[in-house]
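There are structures below to look over.
The same chain A turns up in both complexes below, where it pairs with chain B and then with chain C.
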Partner chain A sequence: MLGDILTPDLFASALRMATPLALAAIGGTLCERSGVVNIALEGIMLIGAFAAAAAGLATGSGWLGLLAAIAAGVAVSAIHAFSSINLKSDQVVSGTAINILALGVTGFLMELLYGHPGTTDPVPQMLRPVFHFPNGGEGVLGTVWTWINSIVFSHTPIVYLAIAVAVIAQWAMYRTRWGLRLRALGEHPRAADTVGINVSRGRWIAVMMSGALGGMAGANLVLEQVGSFTENMTNGRGFIALAANIFGRWTPVGSYLASLLFGFADALQIKLQLFRAEIDIPPQFFLMLPYVLTVVVLAGVIGRAVSPAAVGVPYEKG
Partner chain B sequence: MSETHEALPEQRRWMGVVQQIGAPVISVIIAIGIGSVIMWVSGYDAGAAFAALFKGSFGSPKAFGDTLLRATPLIFTGLAVAYGFSAGLFNIGAEGQLFMGGLAAAYLGVQLAAQPWYAAVPVLLLGAMAAGAAWAFVPAVLKARIGAHEVITTMMFTYIGKYLVSWLVVGPLKAPGQIPQTVTIGTSAQLPRIQTLFSEATLEALPFLRFGRAHMGIVVAILFAVIMWAILKYTTLGYEARAVGFNPTAAETGGISVSSTIIKALCISGALAGLSGAVEVMGVHYKIFDQFSSGFGFTGIAVALVAKKNPLGVIPAALLFGALSAGSGLMQLEADVPQKIISIIQAVVIFLIAAESVIQWFIKRRQKEALSHAG
Partner chain C sequence: MSVLELREITKVFPGVVANDHVSLSLEEGEIIALLGENGAGKTTLMNVVYGLLSCDGGELLVDGRPVKIKSPRHAIDLGIGMVHQHFMLVQPLTVTENIVLGHEPARFGVIDFATARKKVLEISARYGLKVDPDSRIMDLSVGMQQRVEILKALYQGARILILDEPTAVLTPQEVRELFAVVRSLVNEGLSVVFITHKLEEVMAVADRILVMRDGRLVGETRPSDTDTVGLARMMVGRDVVLRVEKAPRACGDTVLEVDGLHVKDDRGLEAVRGVALSVRGGEIVAIAGVDGNGQREIVESIVGLRKPTSGTIRLKGEDITHASARSSIEAGVSHIPEDRHRRGLILEFTIAENLMLGDHRLAPYSTRGLMRPTAVTAMAKRRIVDYDVRTPSERVLASALSGGNQQKVVVAREIGRDPELLVAAQPTRGLDVGAIEFVHRQILKERDSGKAVLLVSLELEEISALADRILVIYEGRIVKEFAAGEADDETLGFYMTGGGGSKLAPETGATGARGEGER
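The block that comes next holds the complex of A and B.
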């Protein structure tokens, strides 16, 4: 049975499931490195998902759906940026407001545009896998190729995009002037201010980048995984992503790898549900798995992970 | 000259009250205004919508009863979140603790069906408190010992709790029949509807007492609001919670154990949220099923913020959100406006209250003007 579970398909699915988490987690990383907590990722992702579905349905194009999701994510994150940076609101409360707003706005628009609550029609054009190679045949070489083909070459565009984002963000954060400044904003904004860095502008940019990534995560859910929008379809992924960001110690590649772990848990629970007859464990317990894992991971790692020093603290220009 | 000096403390006290009540009231008014604009832009008749909203929440004794009905669980979740806030904790997962409290009440209500009400009701309430506190315990310990953010952990426990309930109502606790729900609790464990306490003759004479579905849970809720207010204000428990919420380092220096205070505060918060689930089971549904809460745990956040963390303020705040929720059904029916507009209004209220500095600045400016006119 183990052979039926540990298939190439399982690992490919882990990568797919990890993608929305990773994008949001990297968004969380950039945001928190600049000193702003982003509890709003859940809501940003949900609004991104809705925008992707609405634009996809209206235009028939998956790519325009992705663009709309990014734009919507940036727009919503701007509200968070304005209230936490300019109005100096409590960032966790502001993020919570965005999450409630996202539930309300997507539900409201759903009824306004489509006349019913629940789920939209399927988008006519999802984003298709980038490569189309046949699987290998019999024999060792054939099997090896099948594994490589499913894990590396079977994916849709945003899955590859997420990997690229992780690598580029890691490079930018540690190898560029922008990255050094970003980290300074979250560690010691006063020092950054003293050497002439514009604290609120830097934070605004980081929050909006996290909005773009959160929107992209929502687009992945609709355009590459589910095919339609359902109310509250993000189901806590924004919060799991925050945990992945912590587990990844506030680094983009770390966030990606942590998301892979959660993605694997999700892929595994989906796979195990196929074997319900043999395992005889209620499906609800499988569905709990990603959430339980998140708590376990947080419990195991937190003491050793240190958050950016100034995260969550509004900057008062002295 | 001396006259203004004597007048000042009086005016200051008045200003304090205005600042306490003014900011939430202004926030709510602005949010309703923004809600109207959204309705208007979307092509709905905002006037008709608010008329229907009002009619459905305060228009008749029965409508007011619906407002009380919705406000009852919100008082508890509002108290839960507010108590957490007092200790500097954000219990975003009240919804999960509510599910556990409801589960405990639904289970005990069946077990104790043969007991008289004065035995059954307190045991159900205590059981729900214990279950809610237990569901907050792990996040509380993780927060106190290693600093794991309670926003993430309590949220995760909400999902875990919902799946647990959704398994129990199709599995071990499922009532016979097709519908995934538990067996109906005993009559003695149910909270009676308010109007059943009066004789038919009294109701004939005083028809405004026909509160429809509103039940005695509202009385329990108000009682708990007063108890929590007293605990926060007059007991060591409440003092320690406030001290830790205000400044944990100073509290620790002053000899308060921050970690045990955090554990106690989050568990008390969980217990209050658990009660919210209990009154829904005991007063409304008499059983538990998958979707038995319409997000009362999350609305509790808005309630606590509007109440400015004050347990007594939770009562009017819960009535406000209870009214919005009670009236939204008729609003959808009569003005065709999707009920979700209520969530949008809620979110705007939270934004505005979070952006307190702006509103405070606005109020202070007005007061300065008033004072300078007076002077």
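The block that comes next holds the complex of A and C.
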């Protein structure tokens, strides 16, 4: 039976499941490195998902859906940036407000635009896998190729985009001027200020980048996984993403790898549900897996992982 | 022509005039000292020059041209660099990253780390400021971190360097090194503004001394034309007794008795290695030593903040070796901690609340678990008067007070409790002469009223001013004991650095700095 569970598509599915988490987690990384806590990622992702579905339905184009999701994510994150950076309000409160707002706004717009709650119609065009190579072949080589093909070449655009984002963000954070300044902002904003770095602007940019990535994560859910929008479809992924960010020690690649772990747990629970008949355990038990893993990982890591020193603290000049 | 000139600079904060028409000038290659008590407005003035604060009146000239400095960036572009009292360094970043931050050599946004590193090494060699460009700031000693701050200003092209209380955190050796660095900078054509409240430093390093009091410039002089007494008078506005008069001691019974004490430090290493000491009523026993030789651990064991591994501590015959901080207070031990921000005060609490801490569960401050605000307020008002805490009201947050007044709050609470034993750890650290005089008087008053005082200090001057007996500590052992006046500073320094023939003698000198570095 183990052979039935550990198939190529389990790992391919893990990569798919990891993608929205990773995008949001990297968003969280950039945001927190600049000194702003972003627990609004859940709401940003949800609004991004809705925007992807609405634009997809209205225009018939998946790509326009993705653009709309990114734009919506940036717009929502701007609320968070304004209240955290300009109004210096409590960032956790602001984030929570946005999460609640996102639930309400998406539910309201469902009624307004489509006349019913619950789930939208399927979008006419989803984002299709990038490559189309046939599986199989003779013997061992054929098996190896099937594994490689499923795990590496079976994916939709945003899955590859997420990997690219992780690598590029990691490089940029440690090799570019922007990255050095970002890291300084979250550790000692006054030090950055005294050498002439604009703290507010740097934080605004980081928060909006996290909004774009959160929106992209929502687009992935609708345009590459489900095909339609359902109320509260993010279902806590934004919070798991924050856990992945911490587990990844506030680095983009670390966030991606941590998301991969959570994604694998998710893929595994889906797979195990198929074996309900053989394993006599209620399916709800498997549904818990990713969340239990989150708790366990955080319990083990928190306290030892060091967050950016100035995260969550509004910057007061002078 | 002056490189920097201030004309009638005025800065007003709500309710306070921090700078009141201050005018001064700085010539090329000159070191001026800005001397004044905490809260005199020295730092505010320089923050205006550095563009961190905007001024409400007056004019600034750089190289004879009037300028309006709007931001630190602008100040840097004009050649003004500032080393702040609290370092502006990003702890997890490397030395190189910190130095180039904000002015990174880069191509298309990608930092050229090789060039950055080379430039850092060049400047470091040119001014004799040795530093490892690849270390992380958090692994460096405080003296090293300060060096990085100076390098940062030089990298940014500073011709005018403002040093804000640069010696506050340094060991005596590091202070000497800093003075040498400052002189070499001036030889290279830089001009330096040196902010301090320490009189000897001003005499040692300044070409010209400007004294500030209550936001105004009250005097200008040269080291050759004055002495520390004259400077202190100018700074405080009255005659200051730099050395408080001491009555002959009248010793009572033994109050504190420590025997065979062994204590481990935070890293689990043995910091105190078999210390025995006793303090009698009516005497001040001082522990002299270089920072990091076990003083902190001895103090923390006595006041119940750290568990000794072995040995006994007795207070009036009662065993308090394993007492908690609470039962140690109840037994009659008061503690003026070395770091008033970390342990002496809760900065977010009001003065009244801070004055009550430790006694908050006792009548009259609380009865049956309920606070009695009127009793607290009455006590606070009384102590504010008795201990001369300068504050508009007892409801002001402790964080709003100047360092000297904060320390007065700590002293008021600890002595106001009427303890059997007062443990004072660096009780005047970071204070100006006026506040030092006050704290010294209070400690002597305790002694004269027959209480026992254990004093830990890094300042030999303080020790010789107060102590009846001096114990010299080195590497966790008491290596020598002197009666008051028996040993001069040289002799004490000799034993403090392991000169007393201790078996552990070879690694002397750098102990303090190395301890910081390993943290």
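Quick note on the criterion: the second predicted complex is superposed on the first by the 317 of 318 C-alpha atoms of A that agree within 3 Å, B and C clash if a C-alpha of one lies under 4 Å from a C-alpha of the other, contacts with A are read in each partner's own complex, and residues count from 1 in each chain.
Just so we're on the same page, a residue touches a chain if its C-beta (ideal position, glycine included) is under 8 Å from a C-beta of that chain, and two chains touch if they have at least 3 such contacts.
Just so we're clear, the structure is a prediction, and the values are computed from it rather than from any experiment.
Applying the stated contact rule after C-alpha superposition, one finds that A:Asp193 touches chain C and leaves chain B untouched. More residues of chain A are touched by B (comparison of chain B with chain C). Once the two complexes are overlaid on the shared chain, A:Thr176 sits against chain C while remaining clear of chain B.
Once the two complexes are laid over each other on the shared chain, residue contacts for A:Ser94 go to chain B alone; chain C is not touched. Overlap of the chain B and chain C interfaces on chain A comprises no residues. Contact residues of chain C toward chain A in the complex are 47, 50, 52-53, 71-74, 76, 82, 84, 87-93, 97-98, 101-104, 106, 109-111, 152, 156. On the chain A side of its complex with chain C, the touching residues are 175-178, 180-181, 183-184, 187-188, 190-197, 309, 317-318.
For chain A in complex with chain B, the touching residues are 39, 79, 83, 87-90, 92-94, 96-98, 100-101, 103-105, 107-108, 110-112, 117, 235-236, 239-240, 242-243, 246, 282, 284-285, 287-288, 291-292, 294-295, 298-299, 302-303. Chain B contributes residues 38, 42, 90, 92, 138-139, 142, 146-149, 151-153, 155-160, 163-164, 166-167, 170-171, 298, 301-302, 305, 338, 340-348, 350-351, 353-358 to its touches with chain A in the complex.
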